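There are two complexes below, and they share chain A, which is joined by chain B in the first and by chain C in the second.
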Partner chain A sequence: MPTVKFIEFNGTEHTVDANNGESIMVAATSNLVPGIDADCGGECSCATCHVLIDAEWRAKLEPTTDTEESMLDLNPDRTEDSRLSCQIIVSDALDGIVVNLPEFQY
Partner chain B sequence: MSGIVVIGAGQAAGQAAASLRQEGYEGKVTILGDEAQAPYQRPPLSKAYLSGEIGMDRVLVRPENFYPDKDIDLKTNTTVTAIDRDNKTVSTESGDTYEYDKLLIATGSRPRILNIPGSDLEGIHYLRTIADVDGIRGAMQSATRLCIVGGGYIGLEVAAVAKKAGLDVTVVEAMDRILLRVTTPEMSEFYHNLHTGRGVNILVNTGVDGFEGENGKITAVVCGDNKVEADLVIVGIGIIPNVELAEAAGLECDNGIVVDDHCQTSDPDIYAAGDCTNHPNPILDRRLRLESVPNAMGQARTACSNMLGGDKVYSEVPWFWSDQYELKLQMVGFSADGDTSVVRGDKDANQFAVFYLKDGKVVAVDAVNSPKEFMVCKQLYGKPADAAALADPETELKSLLG
Partner chain C sequence: MSEAVQLDKDPYAIPLEEFDVSDARLFMEDSHWGYFERLRKEDPVHYCKDSLFGPYWSITRFNDIMEIEKNHEVFSSEGGITLADRPADFQTVNFISLDPPRHDVQRKAVTGVVAPMNLAKLEPIIRERAEKILDSLPIGEEFNWVDLVSIELTTQMLATLFDFPFEDRRKLTFWSDMATGGELNGGPIPETERRAALLECLEVFTGLWNERVHRDPSEAIDLITMMAHNPNTQDMDPMEYLGNLILLIVGGNDTTRNSISGGVYFLNQFPEEFAKVKNDHSLIPTMVPEIIRYQTPLAYMRRRATQDYEIRGKTIKAGDKVAMWYVSANRDDEVIENPDQFIIDRKTPRHHMSFGFGIHRCMGNRLAEMQLRIIWEEILKRFDHIEVTGEPERVQSSFVKGYTELNTILHAK
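Let's turn to the complex of A and B:
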């Protein structure tokens, strides 16, 4: 079972076991990790599952789709590390991935 | 400690379960729901779950083992029949009684039922629950002609899925345009043309008088002198908030359970969240009863925080989405609030947004395949914006955020 390490904006860490095939967003909400609202339930419709993933891990992810890119583009906290966590699917290759949470979701 | 009891096990209840534990509450949490499933999301029921693209595991609000893992007592197939405010208990159909310190009513809403000749024929369905959709999916296997009564978002989403599945689809709408209750004539026209372009037959100004059948099974929908042949009917003519329990307990109800901006009812130990509430919106400065997931989740979070002694105000700009064919519609606010509208983008390319302004301030957007416009409206809401700049594709949306 791959693990995902979430780091809250205030520095609190949560390492959770995730299931292959589920999204990073689901791994967070199923384990009471705060800071991800996921209002649309993973439909790429709300952008309230914004996370930050550093370059090294980002290189292992599927690229963003146009919709994800557009939703991120106007996020006030957007950085080059930004992703929508509902669009990242957990696999063994991502075992140990570190996911940083922004201060706010919009 | 009797703990916290939640009535209803839908979207708001599922979020409440998570919020209570996330806020550090360690007391007893009991969720009583009349459906067979753990809390699940309804939006996919008229979209990817109906089409079969995703299964049950993808629609649950939290995985099934979440509830036992977090020590939440989830009782499915359990209908609450009364709230006793004096003794602070709720009782169920099977005769059990649960004590509460704080109670959250999250009973949602139910479809408005058509009571006209032939309503009990086999093949007439409503769409609210997983059980409903499983019935519809089964029926779609053998059906060839689907008639959808009511041209709202849910009906149109079903039309899109059914058309893709190869059925003959007719939408019957009593008003003079589809989506009349929820959007502008311009957007109604766009969606009308979209569906007819894909081969859906839409009849407006067409009231349904009854259903005809043979051997107990639906064969036609009767609309005045007109008959629409159908072997499957889905009725989507709006919902009614489930307020009866609250009303019988003497809580104030008026088109929903009346709550204040803390999601508290007229009884300080009882809160309500989701489709069943009539709540104040401080941003819009009026009361609303909404039928949307963000509202159910937001109110659940607010109610939980306040049940645990917090002082949180529920104040969010309403937003909603609808997926039809390959078009993603995202809406913020209410278009009816605007006095001016401007279009940005290209309607013919199915990629555009209509911004609505009132006194020069942005009050709503309907964004079709335009997530940037949706995101910008969420942030620009209530702020002044230049209509010409919004309409000009050369304007970088970011520059409007200042």
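Let's turn to the complex of A and C:
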């Protein structure tokens, strides 16, 4: 079972077991990791599951779709590390992925 | 059904093809619920061939609305977000009624004012004002909560966001009511009166703009200075400036106002829920989104199809108007458990439709939640309970779902 390491803005770390095929957002919310709101429930339509993923791990992800792009773009705090965690699907290739949480969700 | 709203009639006794849920009277009388319940069950994608606003489609289920919200290429916001078409000679424009890319750049020009960093700065100001308002209320005497609390708090907030002359702040309330209450939208205000009020609004704000262009944008955080200095908004023509002002005034005022009043009303209707939060103030953060769901301060948003689109076996034709009924989605038991119950400790309370979804999702949703959180924290600190003394008076509108009067008596701790 792959693991995901979430790091809160204040530095607190949470390493959780995640199921292949579920999203990083679901891995966070089902393990009560704070800092991800996911108001829309994984529809890529609220941008409140914003996370930051560094270049090394980002290279292993599927590229952003137009929908994710347009939602990310609403966030003035967007950086090149920004992704929506509901759009990242857990797989063995992502075992150990490090996911940084922003200070706030919009 | 324009003639035959038949308010006193059972919605199950009226043929579906006669349904016109855009009739403002249904909302003023609070008798729309049964109509939407029947639409969700029997005809969730419903075509009304004739109304005050011409023909339109009604989408009433949560997941169908989500599908349309996400597809902003097929379902355009150009031309406006209410069912009424804007008169050709008075075309206000704003970012919520634009599609990308213009929508994106204009929205970004003002998003900063409700960015989390800014909200943290606003929190102590809102709290201080809420404290003052609550401390000035009479105890044991009947008064209109809408006027003395809901309007006052949200209007003070809005004046702060615009850095609008504080003593004139009720003008903002007046313009907000004028903007949404026009006869073209099914409201009580004659069109000439509405236009005169909005032109006055433009004149006052043009004066403020001319003053703000000289402010240092790195120090000022008010919306007008932001717009006057952002390359994407600094060259707006007057009707575009007016359109965006109305959007920010209505968005920052009406919706939170009605959710503040709604909360008082719901906690009276569901005394066991009030008892919960009274005993445990840590429930306020989950109660707030539940109030916003249960109120649904904007009943719908409109889109227009840019091409034919199939949904639930029906074809929405290119050019057709589509109303996404948030008020119905928020009572859809396919997505929300026990939707007719007001429950302040739901597990996923923010999974509601009141803010919309997709690129037009409410920009000020965190500010709204913060205002509601603060007011309830301060109310519960001070008072034993708020007694609602009669049924509220409701706004004559199928768009703004709100109250003009909610009479209450405050009881001391």
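Assume the second predicted complex is superposed on the first by the 106 of 106 C-alpha atoms of A that agree within 3 Å, B and C clash if a C-alpha of one lies under 4 Å from a C-alpha of the other, contacts with A are read in each partner's own complex, and residues count from 1 in each chain.
We adopt the following convention: a residue touches a chain if its C-beta (ideal position, glycine included) is under 8 Å from a C-beta of that chain, and two chains touch if they have at least 3 such contacts.
In this text the structure is predicted, and so the values were computed from the model without any measurement.
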Next on the checklist: For A:Glu56, using the defined touch cut-off, is the partner it touches chain B, chain C, both, or neither? Pick first, second, both or neither.
Outcome noted: neither
Next on the checklist: A:Glu80 in the overlay: touching chain B, chain C, both, or neither? Say first, second, both or neither.
Outcome noted: neither
Checklist entry - Of the partners chain B and chain C, which touch A:Asp92 in the superposed model: first, second, both, neither? => result neither
Checklist entry - Once the shared chain is lined up, is A:Glu103 touching chain B (first), chain C (second), both, or neither of them? => result second
Checklist entry - Just chain B (first), just chain C (second), both, or neither: which does A:Thr67 touch? => result both
Checklist entry - Just chain B (first), just chain C (second), both, or neither: which does A:Pro34 touch? => result first
Checklist entry - Intersection of chain A residues contacting chain B with those contacting chain C? => result 37, 39-41, 43, 45-47, 67, 70-71, 73-74, 76, 106
Checklist entry - chain A touches which residues of chain B in the complex? => result 18, 21-22, 41, 43-44, 58, 61-63, 66, 70, 293-294, 297-298, 319, 321, 323, 328, 330, 370-372, 374-376, 378-379, 397-398, 401
Checklist outcome for this item: Listed in rising order, the residues of chain C that touch chain A in the complex are 66, 69-70, 72, 100, 104, 107-108, 111-112, 115-117, 348, 350-351, 355, 357-359, 361, 366
Next on the checklist: Under the stated contact criterion, what part of chain A meets chain B in this complex?
Outcome noted: 26, 29-30, 32, 34, 37, 39-43, 45-47, 67, 70-71, 73-76, 106
Item to check | Residue numbers on chain A that touch chain C, as the complex places them | outcome: 37, 39-41, 43-48, 67, 70-71, 73-74, 76-77, 103-104, 106
